[in-house]
Amino acid sequence: MIRLEKRPSPSRFWTATTPLLAVALTMVAGGILFALLGKDPLEALRTIFWDPLFHPQFASYSRPQLLVKAGPLILIAVGLSLGFRAGIWNIGAEGQYIMGAIVGAAAGLAFYPSGSPLIFPLMVVAGALGGWAWAMIPALLRVKFRTNEILVSLLLVYVAQNILASAAVGFLRSPEGGGFPGSRNLSQWSSSANPELITGTGMHWGVVAAFIAVIFAYVLMSKHLLGYQIRLAGQAPRAARFAGVEPGRLVVLCLSISGALAGLAGLFEVTGPAGQISIDFNSNYGFTAIIVAFLGRLHPVGILLAGLLMALTYIGGELAQFMLGLPAAAIQAFQGMLLFFLLGVDVLSNYRIRFGRRSVA
Amino acid sequence: MEMFGGINPAVLIASLMVASTPILLAALGEMVVEKAGVLNLGVEGMMITGAICGFIVAVETGSPLLGFLFAAVGGALLSLIFGVLTQLLLSNQVATGLALTLFGLGFSALLGQGYIGVKAPTLGRIDLGPLSDIPVLGRILFSHDPMVYVSLALVVAIWAFLRFTRAGLILRAVGESHEAAHALGYKVIRVRMLAIMFGGACAGLGGAYLSLVRVPQWTEGMTAGAGWIALALVVFASWKAGRVLVGAYLFGGVTVLQLNLQAAGAKVPVELLSMSPYLITILVLVLISTRGAQGAPASLGRSFNASS
Amino acid sequence: MDRRTLLTTAAMAAGLAATGTAALAQSKTKVGFILVGPKNDGGWSQHHYDSAMVMAEHFGDAVEVVVQESVPEGADSERVMTQMALSGVQLIFTTSFGYMDPTVNVAAKFPNVYFEHATGYKTAPNLSTYSARFYEGRAIQGHIAGKMTKTNKIGYIASFPIPEVIRGINSAYIHAKKVNPDVEFSVIWAFTWFDPAKEADAARALIEQGCDVVLQHTDSTAPQAAAQAAGNVITFGQASDMSDYAPFPRVSSIIDNWAPYYIERVQAVMDGTWTSVMTWDGIGPGMVEIGEISSAVPDDVKAEALAMKDAIANGSYHPFTGPLNKQDGSPWLAEGEIADDGVLAGLDFFVEGLTAEIPS
């Protein structure tokens, strides 16, 4: 009989080693998968985990790309983690990300082709507001009518996708695009561009914002009263109420922060790496960020590392596809396995494994 | 009987029943899972796995019924991964469910590589003779394929199971308070594992309904978000089987109606029609929720460990 | 989680197999393809992939083809292109409209790599564009549809309101109307390229509205199956032949055949004669093919359709020939006037007689 015994506090040793164990297990399982597909498993694993960082031909380009890919994931995940800790479930970050990009882009394009240096800051504010406003719909419905925020935030993703398609073929369509869908290119208009800040690093304003958000969330959660209230609301909702935490205020606050950060991520993406509003501008960052948040154990630093790891598997997966001809589906299944193992072995940090029968209490 | 310049309500209702069946099946399964206190966000992954398992077996054996059977098995097996991780290794349910969706989408695409463009034997309508010829009612009630009736029977069965049987009571007890259920001697983990596998099987059936009846063909990613809608429906339904049916038919109905309105040339902006299924679902939920309690199982999403 | 340690572990595992990267065979011409969907999606991406494989077979050992499927448009595609260029690929085909600006950006960074972007309009010294005149095929479909409909109602499942889709609807309508003045078009905007369930529902809605011909500008065979179930509805294959559904309901099809173009362009790179071009080919050069017109089509209709195909192929007939008015009744093309490519490329209005609206 095997049973688990809760540790009084998470084991430091296992907290540090479980991710390594998980990666090792994934390599075994993934290696088997790749071998079944007729590929050299070791070569495939090296391409996914090693080449993006150290390959002589690619690494100088791929390494900074890690930040480009991880930036929006981290920014969104940090926002989501606050709500998740308080038991407030914003599953619709994807929609807030889209709306942030649309509102931000629209605010900037209203002044096209002005060269004013105020345009980019204006767009940043508008992007945050766009995401915030979209998150306020589930927040207010929850506070006013007790409508479940999971459902509303999730369904609003699909509504946002429809608005995005309309924007790309309608109200934000570039007048110089000859009738083709897509807005003006924002990364090529100096007033709205969000360029790489230091050449060769991948750093753009979105990545900077992600780092600031990590620090901000860290300070908030460990030093600030609000952080205490969030944790309390999540762990003991009743006690929180006695301690004077107003549940409605917390809902609005958490959804405000996560919505605004998701909106910011969308804005920085549309003005930088993506460059324009297009029909398929969104690429599931909002959903992947939920995984990143939990993979990082809802802790800001954990999220930072989890975001980088996810980004690595994306970029390594791309390399493996065209270098080794692995199907995209295999990469997806591989990512799924990595997550399974990471989540599964986590049990070792929080629990002791005991063999034998339960001792009489 | 016509409305909106040529939309026949009987035909519309018959179509919406077909359109709603995949999300209805998946949502019913997820509801049972959540009633047991487990939140599995991997519905999309289990649906698509069911879709391909059912498709492969139906093609290889020539029997759509065997296809459905193995779709249920496939969905249940995949859900077992979720069960082991969340119940035995106590991993976080939200993240594990999302990972399951990611894995299921990739895994199904790998399984299905040889089945693109293949035609599967599809499920015919049950011939109910004279009943099917009754005007209006015959079209709505007596002219469907067997799975539509299976899904409706499942609504009643789950409702009765949860309400009247001892096993249903235990399942609800586990979902409301696992500590109390454990103290009463119930096997919390075992109940939850069974519920999770039932949910996987239902999601698998819903997926197979897509690949074997509603579409019918296999393509990667063909569930296209249906699993997420099923999840939303459970919340919409306040964890009540009858309301899951209402929600699924409402969503499916608006989806079919908006396409019919477009086809009939209604002068409503297409963008609005296109988002109407989501907006109307939200609106109805707001109206329902003003009336009070939503009844989420109290232990929903929380891990249980006997020694803790 | 300590990332450095993690990486060291990965390095050790990988080090066991450290055989170096796949040796770059400089003698081979390396060609890359970037696909927006899975390579076996049964539609758009599959046709690019299949054509790429035909090209690879044509050249045998002389080329090495690398493929990246399911690449999201935007930042991800730019990275994938860059990595391909870094890996020594000499010619990169980017096969979706949404890759336009990323392709332009990467082409600017790699002046020695050649790029070919499908369906776009931006070029550079090392960037060509190529696209197919699908509307030529639509004209033939419209003719057959107009002749064969009994209810005089034709359904059209459209994806997004973009010029290519609008051209197709116009072309089919003009030619259906020409042979059947009573014909009406019902258009459903699905707002998706790919959602088999939604496409099936859309086809059923059209059929329930009395349409007995369903045209589709989405990629899955779901509408074919819906028509087959209905029993008295005809359809046309889109992007691929969809011959599983022949001879009925599928009576013909438009097939994308990119292979001749791919072979020509790869050959040009090998010969050192590659130059930047804007290609927009139709039935004549073989980029658009008309799938077999099945036995369900009466012989005289088939003969007319084939005659139209020949006329389009040899240039004696253009599907957009005046007199044509815009939907609001204002004149567009005078008697005998042929639409110019610039207007056609960005077409954003319906012709007179269509009652549907273009969402904007």
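The first chain written gets the first letter, and so on, giving A, B and C; residue counts start at 1 in each chain.
One rule holds in what follows: contacts are C-beta pairs under 8 Å (C-beta built on N, C-alpha and C of every residue); 3 or more make two chains touch, one makes a residue touch a chain.
The structure presented is a predicted model; accordingly, all values stated were derived computationally and were not measured.
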Next item on the list: With chains as vertices and touches as edges, which is it: line, ring, star, complete or other?
Entry: complete
Check: More C-beta contacts across A-C or across B-C?
Finding: A-C
Notebook entry, point to check: Approximately how many whole Å separate the CA-defined centres of subunit A and subunit B?
Noted result: 28
Next item on the list: With chain centres taken as the means of their Cα atoms, state the distance from subunit A to subunit C in Å.
Entry: 33
Notebook entry, point to check: Taking each chain's centre as the mean of its CA atoms, how far is subunit B from subunit C in angstrom?
Noted result: 34
Next item on the list: Give me the residues of subunit B that touch two or more other chains.
Entry: 109, 113, 220, 271, 274
Next item on the list: Give me the residues of subunit C that touch two or more other chains.
Entry: 38, 191, 359
Notebook entry, point to check: Hey, what residues on subunit A touch two or more of the other chains?
Noted result: 162, 165-166, 327-329
Check: Residues of subunit A touching subunit B in their complex?
Finding: 3-6, 37, 84, 141, 145-148, 150-152, 154-156, 158-159, 162-163, 165-166, 287, 290-291, 293-295, 327-337, 339-340, 343-347, 350-351, 354, 358
Next item on the list: Would you tell me which residues of subunit C are touching subunit A in their complex?
Entry: 1-3, 5-7, 9-11, 13-14, 16-19, 21-22, 32, 38-39, 66-76, 78-80, 82-84, 86-88, 97-98, 100-102, 105, 120-121, 160-163, 191, 342, 345-348, 359-360
Check: Which residues of subunit B touch subunit C in their complex?
Finding: 6-8, 11-12, 15, 19, 22, 109, 113, 116-117, 119, 122, 210, 214-217, 219-224, 226, 255-256, 259-260, 262-265, 267, 269-271, 274
Next item on the list: Would you mind writing out the residues of subunit A in touch with subunit C in their complex?
Entry: 16, 19-20, 23-24, 27, 40, 42-43, 45-46, 49-51, 53-55, 57-58, 61-62, 65, 68-69, 162, 165-166, 169-171, 177-182, 185, 188, 269, 272-276, 278-281, 283, 302, 305-306, 308-309, 314-315, 318-319, 321-323, 325, 327-329
Next item on the list: Provide the residue numbers of subunit C that touch subunit B in the complex, in ascending order.
Entry: 38, 40-42, 46, 155, 186-189, 191-192, 194-198, 200-202, 204-206, 208-211, 220-222, 225, 244, 355-357, 359
